[in-house]
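Same chain, two partners: subunit A is paired with subunit B first, then with subunit C.
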Partner chain A sequence: MVYLRQIESRIDQGIGRRRLGYIVLGLIILFFLWFPNDTSQSNYAKTVFISGFFYAIMSSSWALLAGIAGQFSFGHMAFMGIGAYVAGLIARDGIMFATLGIAITPESFSAIGSIIIGTLVAGLVGLVIGWLLLRLRAAYLALFTIAFSELFRIMMLTEYDYTGGSNGLSLRPLLQIADVDTARQVEYYLMFALLIVCLLVMHWVANSPIGLFLRAMREDEDAASALGVNVVRYKILIFVFTSMIVGLAGAIFYSDVGSERIIPEQLEVLQMSLIIAYAVIGGMESLIGAAAGAFISRYMLEAMREVVISLPFGLTTADGGDAFVWETGAWRFALFGVVMVFTLRYMRNGLLYPFITWFSGRDLAMKETVSKRDGDGDDIVEPMGADDE
Partner chain B sequence: MKRRAIFICLIALLAVLPMGIAQADGHCEFADYTITIGGLAPLSAPGAVAGGVAMDWAFNQAADDINADCGVAIDGVNYMLDVVTGDSEGSPERGQAVTERLIQEDGVDAMVGVYHSAVGLATMGMLEANQIPTVFSEPWNDNVSANGILEYDGQPPRFEDGIDHVFRISPASSMVGSVVVDWLLSLGVDDVVMIVENTDYGQPAAADEAARFEAAGATVSKIDVELGTEDFVPILSRIQARAEAPDVIRILVTGETSFNLTQQMSELGIAPSEDTICVTNQFAFQSDQYWATVPDGNYCAFNRVGIIPSLFSDAAVELNAKYEEAWGDIIPSFAMASYDAVHILKDSMERAGSYSDAAAIVGAIEAVDIELSQGRYYFDYGSHNPDLPEGTPAFMWHQWPDPIVTVMQYYETGQSGLEAAVVYPEVYQTHGTGYIVPGTSP
Partner chain C sequence: MVIQDTLFVLWLMVAGPLWAVLGLFVLPNVNRGRKNEDLIPDTTLKIAGVIGGFALGPVGLGLFYFEPLLIRRTTLTIGVVLTVFVSSQVMVRVVDPHFPSAIWLFLAGPLWAALAAYFIPRHYRDEEADDQNVLTAAALGGFAIGPLIFGLMWKTTPKINRDWMIILGSLGAWQIYLLFAIQNPTNPCVQAPFSVTYLTQQTANGVVIGCIYSLMAVGLTLIYSVQGIVSFAHGQLYMVGGYFSFYFLLHAGNLLSELTGTEVQVNPIWGIPVAAVIVFLMGAIFERIFLKPMHDGLIERISEYAILITFGFGFVIEYTTLAVAGPFPQRTDRFIEIRRFTLERAQITDDFAFGPINIIGDRAFAMVVGIILIFALLYFLQRTWTGRALRATSQDRQAAAVTGINPTNMNTLSFGMGSMLAAMSGAALIPIFAWVPWVGAEMVGRSYVIVVLGGLGSVPGALVGGIVVGIVEALGAGCHPDPSRGAAYKEAFALVIFALVLLLKPTGLFGREQH
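And now, the complex of A and B:
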């Protein structure tokens, strides 16, 4: 009976914390909704946030693919690029089915139309790649996706007649707003809304029976298959799903919402490794953690471009300044690397994991499980109603 | 104890003295306001960091020299000049974000930069919208100065009235392409082998040059290589196995890879030789690096963008000396151009009588006529002369018409790039010859 009360108390605590978590989440969302209306903030700050939202989508979708489904792919940036490049090329050149004698002119496509097609093509390529990857696991899967990613990047680089090579490809602008301030505000809300929608959809998938199947596959593919999980279907499904999400994000972001043009260098393995690093720092198995990790990392990398240390007591520098200014350049990536090393060594579930588990009350459930596993006599669950007898 | 106190006071005095001297050294009185110019350069990967660092050095050197000469004098008031460099990372997205920061948070009055064409193209709209007078010193893409008429992707211009605030003093791609081909055709070559890196630099350059050769009746064989390749013997053996040696081997490969290739080609005796001309990459101008890696590369020719050493003015010699002191190598053209870009803005602000009136500064840049390290700067076409005559390419809008592109040739092992002979165009020849045959001296 005592133990049941303990459980009830822990459940109460868990529910209480979860409520608190929802309140905190609500406050964070309110902050992001209010932020662009703060007149003291420059457009530059909004631009940094827009970029943060984009990378949050990239990292959280990779967390779904790798952290939850166990498909450690390096092809994420390539799928993003497919969405953006296809949207840009279709808006510029239209579509021609030469053998059928059918040509659809670029004018037939609005910016939204080209984004939708870019997203669908990213999904289609995801379908093919997902099918090819069926028999590959672990390192082989990673190597395959690196090869695919490089193949796509080199194609975009060398087919410069069509893609613009390293000069990049300019997509049709999604928003045609003349006033710079208003444009930045609308772009901010658009990207934020996209992030929220993507997170909600991914959360729904991760917490549906599909999410359970994906986790089962991650833990032991053969066992999952033996228990009736259609591994082929769900592997392909998650590849297509995440490819479409990043394809959509790329097509929108590079339609002059976050950037005016996409270049092949954006698809380099280095950029992909940053996406992975953001997810690892935030928490690979948590969509919110990965998204927050990406947003905070992007913000910090931007904030650390210039480190200013004000001198106290009226002291001055040799050239008469009142502060030391350090242009960090590439050093900020070195500092970022230190954080990464620390995370991997001491907090493998991500720096934000303790907060997320606390707010969700998951730590209580974990304690419960551990104590049961350890067979602690005090914590043996008594049969329901045993006390009444 | 007393001796100790005196000692401490003495040390403190010695520490303070240089500061006092530094302040007393200033012979100019500056206004409270400091004119800020934003610089945009790649200072971290994936951008070309070495190029960005050289540009950053040039921006700051220009500011130092200007301030040492009492800054920017506007209506009798001297303003200190400061250059704040932002890291574009060679990415359009980061370039746009940093440009916005420079404009909005640092409140720059004008801008200079950029290294990568993609960054230039991506930031032009923002610079125009915010009316920031800008002088670009390195991007080559034709559209950078094409007034928004020629969107590379064939899309309509974002700004119906064109790009009015952006100028360029580096050459447009189309201005660079023809020089090597014209030189080789003038020597009568008709059998060309091109070794080309498989990148967006190598492939389009090769396509452009091959078309020019073929139009003149020459035959062209093209061999593609990957950057980073270290062993070129299989490729070179194929060339060696030909019945007749080619007239020229044109290397369109950059960086260390071009050095490796040139050395192996020279070592095998393929080129430069009596039969075959060696034309290597423009990186060969960095002679210290070239001779360290290509000790057998004497008599190789290379193209050079930017002023040739024999035409160095006193200003250029002085600037080169400062660069050599800082970096131990000859100054690259884009660093010279970056230095000049800051001076053009300074001169234009003074003539405009304002550091903040964008329209007046743009008008002053259009009317610029100033001799700097790379030569005399002026702009033929702009709002002061908006009608480009038929046949004049659109990129001539706000484009400095005189960037020098030449072909140079080494004729002594270990020779400095500054001493190499200019062999083409004829007007710039330094040794009275269009080609130095291997084994001879000009």
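And now, the complex of A and C:
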């Protein structure tokens, strides 16, 4: 501990924590940029990473909506599905308004065009639902979106003439690449770039005046309203914004090279609960925390598919093996849920919060303020202590 | 089991009047033990007793006895429903099936509704009249009677009470029915010789399943009324209740078979109390560990915390169940040997027959269980000290604490009981539905619709809401032109109610006004 303290004080005097944080972040980004060039990695690992990026977008946008704006929606997966399905259907069938005599053939849409339309439709549905529900108490949004996403899933399952039912719908490929290895690589960079762009945009929104309004509303809606913030309008704005982000992410994720199909199972409440759990574990009030939480949890869940415990000292199991092999199945998710519940109870800001605050130097400022207030300089206040007050 | 049609006629002739007479004498007892200002006029009670007894039999009497507030509305509803039903039957026979203005009807309803909903509340505000419920009434009225609603509400700006709502709502429902009949004349719901029987059959199915929906929704509403939070683990508790019942029956059956040496089947009814006890404990322990800190002021932004923590609880339950039980559908034995109860076809006039109506035996049994449990709960809430303490806590925590009620215990009790009710409905339905670990998700959406429709925190609201949602789902599924789609979209019909309630009256039918 003493050495740690010494290193900490050196850093505080020297390069500064924030700068160190940027360096670490840069290294992480460099690692991700380098990763697909590592020839020893299989395509499977890249696939895990790609879905990790996708879930990082989902979780961080949910964190923006729930953690920063305080609006609890369980409809994130449904909006993702709207984006993907609309993009896929438009690219396949075009648009027909028989009564108005409008018919646009599918050929007139490029893959990008259909993705944009999918995103806009997701935003539009978000607008209607937001307008209907965001005037009411927080619980109503949660109640309605949970029912809505279930309905959307059933719709996609039932209308199999259009959506392909449980076989899923394949979207028009964004890129036509024949070679599987190159395709994975391009897909990887595409998803990573999308994640970075989404994070930057959301970070900008969260730190803009709108983000401040949203935080103020989350803390005390009446007070914010009394200070002249048009509460409902900003809530709807952020709801539409996050709906569009997940719609875009869904449309791109499922149309990257055309190997993935969007299936209704993906829209289940269980999948939604995974996203929420990622965000909670990573830290709901920090976009980067939620994104990192999603990526790490995703990786851990993937790695825990089969737990192998090697026995030391040449011991063997009853049937002669030298390791216990445990097919974790659904248990890993159950365990994951337990972690989520305890995180919520005892570390409200997520398991990554200590790292983020340490690098941001926020706890330093907090310590200073508290010690000034208490009138002595001893660092008796723990960084996490402020969290519980 | 088949009830002969003579028996059926006998039942109609004897049972209705019998219950009516009983109601006439029993219901005035409601006034016993009430304070002077709460007294309900004897005549009202007597009329309610007669009508309730005649139309709903013991159910109606029990309902009125424990919830006298329902008397007025329920009698009115029965009257309006009967009138609308009979008149729509007449209309369907009279109107030409290829009525060309069907499209007009369809477009005009929402149009007038939007216009009325926009202008009438503004007019009320200008006139400084009481504008409570005006938005709802205007929208309903615009939909039901078009421009006439302006004539009704513009000049005199009448105060809108529930009677207005019921009448306008029924008119709107009638119009939808009419439109449906015109558009789709071959549908079994409107086809002349069968429609009465078919609709009654569907309605009966809806009521039967609605009672169990109610049981589950009452649990949700109980938690909300005491703690002010919505339990997002409710669907999973329902699911796990079914599984506890299943495993108990399996092991108890095996054990008894071993002991006695013969094949023994345990009746699934024994699974209900077992699931109830286990899930009550689960809920209570969860409440103590994770929700109690919320009320102790240890957690900031409690409404968000409550949503997430209950959701996380459900998450853990669902995946643990999946790990233990696997994704295979399970089902227990039946409650009773009788496959179905049948009301035989009754030839009333030469060209009008009624029946046969079938109700699946197990569903009927589950309904009876549901009704008994709900009345037991109402008795508990109204007549026992603990129940009264629970209600007192839900009305005013501080005042309740001053009178010596421990709010912490009441919180635990309410969460435990709410969870228990979900588990009981799960255990009551596992003999009927195929049970997989994700059945909860479907069911819980429905109970959210019910509690919002009935008003969050209102027990009678949950009762009525459950039955309404059951009926709407059954009618929607049964009357959809494409039967397979109709069945799949069952929940969609409930969701339409959800959206309408949120749009028109977010406090629900019986809810307290939102602050």
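Everything that follows uses one rule, which is that the second predicted complex is superposed on the first by the 336 of 389 C-alpha atoms of A that agree within 3 Å, B and C clash if a C-alpha of one lies under 4 Å from a C-alpha of the other, contacts with A are read in each partner's own complex, and residues count from 1 in each chain.
Just so we're on the same page, a contact is a pair of C-beta atoms (placed from the backbone, for glycine too) under 8 Å apart; a residue touches a chain by one contact, two chains touch by 3 or more.
All values derive from a computational prediction rather than experimental measurement.
A.B. asks: When the two structures are superposed on subunit A, do subunit B and subunit C clash or fit side by side?
C.D. replies: They clash.
A.B. asks: Return first, second, both or neither, reflecting whether A:A139 touches subunit B, subunit C, both chains, or no partner chain.
C.D. replies: second
A.B. asks: Counting only touches as set out at the top, which of subunit B and subunit C does A:G88 meet: first, second, both, neither?
C.D. replies: Touch partner of A:G88: subunit B, not subunit C.
A.B. asks: For A:L157, select first, second, both or neither according to whether it touches subunit B, subunit C, the two together, or no partner.
C.D. replies: After superposition on chain A, A:L157 lies in contact with both partners, subunit B and subunit C.
A.B. asks: Name the contact category of A:E260: first (subunit B only), second (subunit C only), both, or neither.
C.D. replies: First partner only.
A.B. asks: For A:A330, using the defined touch cut-off, is the partner it touches subunit B, subunit C, both, or neither? Pick first, second, both or neither.
C.D. replies: both
A.B. asks: Would you sort A:I276 into first (subunit B), second (subunit C), both or neither based on which partner it touches?
C.D. replies: Second partner only.
A.B. asks: Which partner does A:R305 contact after superposing on A: first (subunit B), second (subunit C), both, neither?
C.D. replies: Once the two structures are laid over each other on A, A:R305 reaches subunit B alone.
A.B. asks: Answer with first, second, both or neither: which of subunit B and subunit C does A:V180 touch in the superposed model?
C.D. replies: Only subunit B; A:V180 stays clear of subunit C.
A.B. asks: For A:E268 in the superposed arrangement: first (subunit B), second (subunit C), both or neither?
C.D. replies: Both partners.
A.B. asks: So which positions on subunit A get touched by both subunit B and subunit C?
C.D. replies: Correct list for subunit A: 154, 157-158, 268, 270, 329-330, 333.
A.B. asks: Report the residues of subunit A in contact with subunit C in the complex, numbered from low to high.
C.D. replies: Residue list for subunit A touching subunit C: 66, 70, 72, 132-133, 136-140, 142-144, 146-148, 150-151, 154-155, 157-158, 218-219, 268-270, 273, 276-277, 280, 329-331, 333-334, 336-338, 340-341, 344-345, 348, 388.
A.B. asks: Which of the residues in subunit A end up touching subunit B in this complex?
C.D. replies: Residues 42-44, 47-48, 51, 88, 91-92, 154, 157-158, 160, 164-170, 172-173, 180, 258-266, 268, 270-271, 302, 305, 316, 318-320, 327, 329-330, 333 of subunit A touch subunit B in their complex.
A.B. asks: Which residues of subunit B touch subunit A in their complex?
C.D. replies: Residues in contact with subunit A: 18-19, 22-23, 43-46, 49, 85-87, 90-93, 96-97, 100-101, 103-105, 116-118, 121-122, 125, 129-130, 141, 151-155, 158, 198-201, 203-204.
A.B. asks: Sort out for me which residues of subunit C touch subunit A in the complex.
C.D. replies: Per the stated touch rule, the residues are 229-230, 232, 289-290, 293, 298-301, 303-305, 307-309, 311-316, 318-320, 322-323, 438, 441-442, 444-446, 448-449, 452, 456, 484-485, 488-489, 491-492, 494-495, 498-499, 502-503, 506, 514.
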